[in-house]
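Supplied in structure tokens, the structure appears directly below.
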Amino acid sequence: MEGVMRSDAKICGESGTESSPRGLGCSLRHFACEQNLLSRPDGSASFLQGVAEKSREWLIRNTCEAVVLGTLHPRTSITVVLQVISDAGSLLACCLNAACMALVDAGVPMRALFCGVTCALDSDGTLMLDPTAKQEKEARAVLTFALDSVERKLLMSTTKGLYSDAELQQCLAAAQAASQHVFRFYRESLQRRYSKS
Amino acid sequence: MAEAAAVVAESLAGGRARAARTVLDQVVLPGEELLLPEQEDADGPGGAGERPLRLNAGARARVRVVCGPGLRRCGDRLLVTKCGRLRHKEPGGGSGGGVYWVDSQQKRYVPVKGDHVIGIVTAKSGDIFKVDVGGSEPASLSYLAFEGATKRNRPNVQVGDLIYGQFVVANKDMEPEMVCIDSCGRANGMGVIGQDGLLFKVTLGLIRKLLAPDCEILQEVGKLYPLEIVFGMNGRIWVKAKTIQQTLILANILEACEHMTADQRKQIFSRLAES
Amino acid sequence: MKETPLSNCERRFLLRAIEEKKRLDGRQTYDYRNIKISFGTDYGCCVVELGKTRVLGQVSCELVSPKLNRATEGILFFNLELSQMAAPAFEPGRQSDLLVKLNRLLERCLRNSKCIDTESLCVVAGEKVWQIRVDLHLLNHDGNIIDAASIAAVVALCHFRRPDVSVQGDEVTLYTPEERDPVPLSIHHMPICVSFAFFQQGTYLLVDPNEREERVMDGLLVLAMNKHREICTIQSSGGIMLLKEQVLRCSKIAGVKVAEITELIQKALENDQKVRKEGGKFGFAESIANQRITAFKMEKAPIDTSDVEEKAEEIIAEAEPPSEVVSKPVLWTPGTAQIGEGIENSWGDLEDSEKEDEDEGGSDEAIILDSITMDTGVEVSNIGSQDAPIVLSDSEEEEMIILEPDKNPKKIRTKTISAKQEKAPSKKPVKKRKKKRPAN
């Protein structure tokens, strides 16, 4: 059976151009998103965060499967193509955000939106949100979470490095706080997009 | 953008349902829950929604609510599954209930029973034509499903021809099936579309916008040149005017209507009428 | 996935329009679509838009040992990929004819025309040279891939900077961008492809065909040229006969187009250079047109994380401590032990480790029936089979072993029944399993 529902996403991670030191590292870099930029796919979105393998594919796939109402389209495959344009840290989170926007743009029925947030813990245990590639490299642990928009619950998590259970909970709480901003960003971009309809 | 500020804080406060009435014609996002006016009175917005669905409870008259595209029933509320503007249509007779749906700018078509669409014949196999309608799989069309067609008198349909037809079978589990006759066996405008003219694709939302009863675009377009036009709910438009040039102009105008406000359209049409 | 077919009516209309010198997007015969070049924050990363056709170009470099016969030359490597993102008909990982054709043409246009000074890429003769890799990804396909790809490749190469190196004796030192400014490649000239589509056996010609025009064309002539009007490569495909005058006319047109495009590229490069120097904002985020309603940006947002520690403590305090139940290991047979209660043995899970299948019901059913069939080749069939030797039955259908989990989940008897005998109880799961197999 041929499936046709394609939503593609371009991801760009671009390193933050601002050189000012970020207070405690607890901020999200600037976001930009363009929807429906490609003519051929059903939906497309490019997502830039800050200025942005197989296992990663699985993580994204599982996250998408958790929110996409696949039962409404049996015998149909939904293909999400992600093209990384540049990696400036928090790549997986950026991929997740791009995938979500592309799915929304394609009009794939979903039970909730989702977003990805990456946290990094440096050697003295300082928590950083949305780390740059350099910060990720120097970090003691890097944790990425996917959260849903309805209950702010965890859809997926992947971690690298050592951390205590208290730190995990801290990162999760910080990610939840950050997710509010991402979801607000989603809402505002979509509202802008439908402003003329 | 004004609407944004007002509703953002509330909706992001975490899964709290908003009253459908208050967000009509506003942008809704997947995952949002909407309260129907009937429950709103009982529970109040944001109130505990733990009571069972009371569509026909007590003294209240039975209300029929239809979930259109982009909405699903979730317990006693409506769950939004697509992004777009929430629309509502009052039922003919009584008050309350009616149809709710989300108007989205989707490109991919999903067959719906009763929809009129433009398909492209991709294959002939036995008694059946395979027709590409832009859905996830081709639709089937029997050669008997044309006006006046019999086993002997087969319709003249070639691979690559355009078909304007209607879905009689369209559900998620079966191959969609279309016909080119109405329930009385009449063509009623359906059948093979002529060999000339231009076919082009637009979003599904634009088709709905163009076909809306209060849409002025069609009348305006009609004033420019005499034309023949066919709209398929699957986002395809076939248009034919006297000359190639006119046909091209019409196709470009219709495509451009997607992202124009009513005022912008007015300007364009008045400018075109002058030239 | 299949491409949407082209209807007869579109084909007729397109050809008639071409006869009348009209194009769907209002262009004239020799017009290019709008070209837009944008750069990423990294050097050597660019996106080229040719109308709706979009190509991403990325250049990377690496120190490698040179080819034996060219000890003092760096290596150039080009690769164009057509992903499913660009058009539904492109299959991932497949070398389609089109892809091979495009890649060869790119190599001829860029490598064989010696547009890059490969000798300047040599670090230590015979030992270390730079390998420059140009990756091109088609993001959206609306016709004329080759022109867009060749522009993207040239732009990315011109934009690219490689790390500076120094050689002292045998020691090669690589400098980070902070230590020494990276160096641009030395580029001799910029070859650019210009495509001409021919219709009605060469009677009509169009420059820069879009996707629908490509579908009805009879032949294609691709001319690669630099701004000095030197032809770098030329390829005619589709099997149309072109007259000498036609080719000459095309080369004249190409000369004009290449001059225009080269100027555009240089302007874009200068502009990016200027912005970088002045410390302005650059990168793809800046190239998103802000006035579009489909685009939206949000500035850097601080997140209040002051309360996360308290929250975390709260959660940990509320959480139940993990149960520390450690039961004694039970030794079943030499080599097989059990700790704790374990879970219900479900052999089906071993096979279903790939959760591809939606019809989980199939495997559940199999468990209830207490018999799961497996191909003889599967390793697991040996694990529990201590008592009975495996006997291969000579059934017509397929050789199989039925593993029947006993009441004790640890001990599993292996029984072989020919497919015919066991028809009644386990026919169903057998069928299911067979169907699934190819999916794995």
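By letter and in written order, the chains are A, B and C; residue numbering begins at 1 in each of them.
Everything that follows uses one rule, which is that contacts are C-beta pairs under 8 Å (C-beta built on N, C-alpha and C of every residue); 3 or more make two chains touch, one makes a residue touch a chain.
Everything numeric in this text was worked out from a predicted model, so none of it was measured.
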- Note on the structure: Per mean C-alpha coordinates, the chain lying farthest from subunit A is B
- Message: Quick check: more C-beta contact pairs at A-B or at B-C?
- Response: A-B
- Once you find the CA centre of subunit A and the CA centre of subunit C, what distance in Å lies between them? 20
- Task: Give, as an integer number of Å, the spacing between the C-alpha centres of subunit B and subunit A.
- Result: 31
- Note on the structure: The distance between the C-alpha centres of subunit B and subunit C, rounded to whole Å, is 34
- Which subunit B residues touch at least two other chains? 259
- In subunit C, which residues are in touch with two or more of the other chains? 293
- Note on the structure: Each of the following residues of subunit A touches two or more other chains, namely 2-4, 6, 36, 41, 74, 188, 192-193, 195-196
- Which residues of subunit C touch subunit A in the complex? 1-2, 40-42, 45, 47, 52, 54, 56, 58, 83-88, 137, 139-142, 281-285, 288, 292-305, 307-309, 311-313, 315-316, 358
- So, in the complex, the side of subunit A touching subunit C is made of residues 2-4, 6, 8, 10, 12, 14-18, 23-24, 26-41, 44, 46, 48, 51, 74, 79, 81, 83, 85-86, 88, 127, 129, 165-174, 177-178, 181, 185, 188-189, 192-193, 195-196
- Message: Per the contact definition, I'd like the list of subunit B residues that touch subunit A in the complex.
- Response: 1, 3-4, 8, 11-12, 14-15, 27, 29-31, 33, 70, 72, 79, 81-85, 103-108, 110, 135-137, 172-173, 205, 209, 259-261
- Item | For the subunit A and subunit B complex, residues of the former touching the latter | 1-6, 36, 41-43, 67, 69, 72-76, 104, 106-113, 148-152, 180, 183-184, 186-188, 190-197
- What residues of subunit C sit close enough to touch subunit B in their complex? 4-13, 16-17, 20, 22, 24, 26, 293
